[in-house]
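Since the structure comes first, as structure tokens, the remarks are kept for the end.
Going by the order they are written in, the chains are A, B, C, D, E, F, G, H, I and J; count residues from 1 in each one.
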Amino acid sequence: MLFHVEMEVRLPVDMPASQADALKQAERELAQALQRSGQWRHLWRIAGRYANVSVFDVESIDELHRLLTSLPLFPFMKIGVTPLCRHPSSIHDDDR
Amino acid sequence: MLFHVEMEVRLPVDMPASQADALKQAERELAQALQRSGQWRHLWRIAGRYANVSVFDVESIDELHRLLTSLPLFPFMKIGVTPLCRHPSSIHDDDR
Amino acid sequence: MLFHVEMEVRLPVDMPASQADALKQAERELAQALQRSGQWRHLWRIAGRYANVSVFDVESIDELHRLLTSLPLFPFMKIGVTPLCRHPSSIHDDDR
Amino acid sequence: MLFHVEMEVRLPVDMPASQADALKQAERELAQALQRSGQWRHLWRIAGRYANVSVFDVESIDELHRLLTSLPLFPFMKIGVTPLCRHPSSIHDDDR
Amino acid sequence: MLFHVEMEVRLPVDMPASQADALKQAERELAQALQRSGQWRHLWRIAGRYANVSVFDVESIDELHRLLTSLPLFPFMKIGVTPLCRHPSSIHDDDR
Amino acid sequence: MLFHVEMEVRLPVDMPASQADALKQAERELAQALQRSGQWRHLWRIAGRYANVSVFDVESIDELHRLLTSLPLFPFMKIGVTPLCRHPSSIHDDDR
Amino acid sequence: MLFHVEMEVRLPVDMPASQADALKQAERELAQALQRSGQWRHLWRIAGRYANVSVFDVESIDELHRLLTSLPLFPFMKIGVTPLCRHPSSIHDDDR
Amino acid sequence: MLFHVEMEVRLPVDMPASQADALKQAERELAQALQRSGQWRHLWRIAGRYANVSVFDVESIDELHRLLTSLPLFPFMKIGVTPLCRHPSSIHDDDR
Amino acid sequence: MLFHVEMEVRLPVDMPASQADALKQAERELAQALQRSGQWRHLWRIAGRYANVSVFDVESIDELHRLLTSLPLFPFMKIGVTPLCRHPSSIHDDDR
Amino acid sequence: MLFHVEMEVRLPVDMPASQADALKQAERELAQALQRSGQWRHLWRIAGRYANVSVFDVESIDELHRLLTSLPLFPFMKIGVTPLCRHPSSIHDDDR
């Protein structure tokens, strides 16, 4: 099932660059693994902000929560979750 | 290029059912045509609300505006538009 | 799976009392049927407001959406949906 | 009587892990004791956030206030309290 | 126990004066009866607005809800309820 | 004349306990002196929050401002002030 | 004593012009009388809006409330009231 | 021309008292000089808050910006600016 | 001098098309005349909304207010005004 | 294509002046280069705030994002982006 997730990252301005880089690299690796597994179905950058719009495809709400809280940047993110369902006018078979 | 669009519909409570049905039918036909053309790339219903989350794929901002204002339900919708760009961690080649 | 739902009802002040009563009676019957089926797991009134806090237990987001949009008062409600998951400190086995 | 309580935790990003762990462990023990006593009637995690939705069942508002302010994480929480009462359509005898 | 209640009245601008007057007169009579019974403990007008700040003293949340929803102006009011408890610095014995 | 005042306290999480205790003790002593003088007419704790709802009875707006800014916790408080006047339905002679 | 008052007028779009004109003329006459009496000390139009910023100079909060609620446009206004006091850096003797 | 300006000051809680005093003294001197020159036409304290409501009378928007950004407390203030014009019901010749 | 103005139009859904068309035609003619005179310096449509972002170049705040309130759609618009000044990094000589 | 961008800068109050000056100087140089290239089409200061209103003219949303995130002050800015299109009443040929 699908969830719309908006994430905004706010790193402390005094975080050392090396720590920030390590966090971002770990975040990228996990994000790409979750995209390959199909759980992180869509991932877009919001223009002009350190934020993204995502769609997750998971088996349960618990799975969604585990994925989001496992993100290395989770402690620095503000997250909003919106449950989605198939739109009656959708023509895409796999939009659940 | 991609735009995230959230639409919420508010029909007047005293609109005759026949008028509402005709509007919704016309809306559905146009929504499906725009999905087939690839301009209305994603369309999901937000659970529990008469609202949707969409992603449009258009050549210009003017094209986006023409599409949205041509929707039969446009006069009854509150619309929010957010420009999207490719996320550096995206693995999907066609996410622009 | 569980969803926290807050509903606020706003009937038009000029709705005839007979129409309002019929809507409320139909709403009550459906609400009680959904409680008996276990889908509408909790239902409380918010003190001082024509509003409720509810917890739904459904198989899918689509099922939640169908239930909410089938409510007779749906056209007159403002609804907010929040996905819930089991809290790591919960001692209740059936809290999912 | 029942109160709906939403709690959001915001630990300082520079809190040492050992201090955070100790706080969370103490919080969990008290939360479980209060669930066993029946005062913390429901406890769910909000998906994607370090936050919970709870229902407390207490004898008085003072008791509620004492419980909430005794939580080890209280200094780091934003809390909203909403008084609940029995819904006229509820079929559950113990929903007060 | 005590609840802080803020009420704002919004009568439709096209309500006949006779209907508004009858509502206000019935509201006043009930408000004064509830003050005499001690349930409506404080009642102040907010300067410049058709609104009041009140403190209710009731045995239960259900009693509070019954009182508020029995007010003749209830269908035209926006109401906010905040539970109060004794302040540790209060010197007034009857502030609960 | 009467003013409704809501105060919310936010102490820095790293303030030493001894400093916090001294501030709170000084605050309590002044709050009790102002209650005895009749200027701080009502004082209630808002359940679940480090906040209060108060009613002040002062001769002038300047007097109100001097009292509030003399509170030891003033630099750590967010304060909202609402002027009150006698409600036409009030039965209490001393509600101004 | 001084109160900062912001008023925004929202006339129904279907109010007959003659009724609107009569209301505005009555409002103007009262506003000018209250300026001459010194009670409506300042009155400015907010650019681009049917709204004003005002400063009232009254003997009591009750007097302020009576003046505001006696305005012919009061039923169509949203009003915000802020109590003012003399600023310690003010050089104007009559700013209270 | 006239601008309504609301300023709220937020000094860091750990600023040394001597630095705060020096800033406030410099602010007062400039505020009084600008009142004497007629550019800072009105200055009131908002009761209960470290904030003021002001009216500036300047030749241009650039002049207003230069004045506000030259204030010693500017880096610690949140400022809102609203352009004012003469109200058609004003009887004061010099209200522009 | 320059003012940033955002206008959002909300026509009643039951306004006859002929009346709406006449209003829009009159609005267009005035908007174009004000652009030719240089007073309405910029005018853009906000994508997906019946709203615009504009920059006005006027001699005084009164002139701005007269222009905005003379617009045929003014009674149906929500307007926000922000005063602008030359940016120190601007390279455009005529940006005031 | 055109995007309306509002940027608000919030430098930490304890940033050394030399670091702030270096950031501002680098920001100015890039801002002027982007104005000369035509990508940063308009740039105005918002009166009384450390903020600007800008219009960017770019080939793609990605280009906009790259420009904004390359600004030296980007880590200290809150940014809002609104897509613009040609207004049907515009008389300016180059407003896209």
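Methods note: a residue touches a chain if its C-beta (ideal position, glycine included) is under 8 Å from a C-beta of that chain, and two chains touch if they have at least 3 such contacts.
These are the chains along with the protein names UniProt gives them: A, B, C, D, E, F, G, H, I, J = Muconolactone Delta-isomerase.
Keep in mind that what you see is a predicted model, and the values were worked out from it rather than measured.
Chemist: From chain B (Muconolactone Delta-isomerase), count the fewest steps through touching chains until chain J (Muconolactone Delta-isomerase) is reached.
Modeler: Graph distance in the chain contact network comes out at 1.
Chemist: If you tally the C-beta contacts for E-G and for E-F, which one comes out higher?
Modeler: E-F
Chemist: Can you tell me which chain lies farthest from chain I (Muconolactone Delta-isomerase), using the average of the Cα atoms as each chain's centre?
Modeler: D
Chemist: Determine the centre-to-centre distance between chain G (Muconolactone Delta-isomerase) and chain I (Muconolactone Delta-isomerase), using the mean Cα coordinates as centres, and give it in whole Å.
Modeler: Centre-to-centre distance between chain G (Muconolactone Delta-isomerase) and chain I (Muconolactone Delta-isomerase): 27 Å.
Chemist: Hey, how far is the Cα centre of chain A (Muconolactone Delta-isomerase) from the one of chain G (Muconolactone Delta-isomerase), in Å?
Modeler: 50
Chemist: Quick check: how many Å separate the C-alpha centres of chain D (Muconolactone Delta-isomerase) and chain J (Muconolactone Delta-isomerase)?
Modeler: Spacing between the chain centres: roughly 44 Å.
Chemist: Please tell me the distance, in whole Å, between the geometric centres of chain G (Muconolactone Delta-isomerase) and chain J (Muconolactone Delta-isomerase) computed from their C-alpha atoms.
Modeler: Chain centroid spacing, chain G (Muconolactone Delta-isomerase) to chain J (Muconolactone Delta-isomerase), equals 39 Å.
Chemist: In chain B (Muconolactone Delta-isomerase), what residues contact two or more other chains?
Modeler: In chain B (Muconolactone Delta-isomerase), the residues touching two or more other chains are 2-3, 45, 47-48, 61, 64-65, 81-86.
Chemist: Please list each pair of chains that are touching.
Modeler: Touching chain pairs, listed by label, are A-B, A-C, A-D, A-J, B-C, B-I, B-J, C-D, C-E, D-E, D-F, E-F, E-G, F-G, F-H, G-H, G-I, H-I, H-J, I-J.
Chemist: Spell out the residues on chain H (Muconolactone Delta-isomerase) that touch chain J (Muconolactone Delta-isomerase) in their complex, using ranges where they run on.
Modeler: These residues of chain H (Muconolactone Delta-isomerase) touch chain J (Muconolactone Delta-isomerase): 3, 5, 12, 61, 64-65, 68-69, 75-76, 79-81.
Chemist: Chain B (Muconolactone Delta-isomerase) touches which residues of chain J (Muconolactone Delta-isomerase) in the complex?
Modeler: Touch residues, chain J (Muconolactone Delta-isomerase) against chain B (Muconolactone Delta-isomerase): 1-3, 60-62, 64-65, 81-86, 96.
Chemist: Please output the residues of chain G (Muconolactone Delta-isomerase) touching chain H (Muconolactone Delta-isomerase) within their complex, sorted ascending.
Modeler: 2, 4, 27-28, 31-32, 35-36, 42-48, 52-53, 55, 82-92, 95
Chemist: Per the contact definition, I'd like the list of chain D (Muconolactone Delta-isomerase) residues that touch chain A (Muconolactone Delta-isomerase) in the complex.
Modeler: 13-14, 45, 47-50
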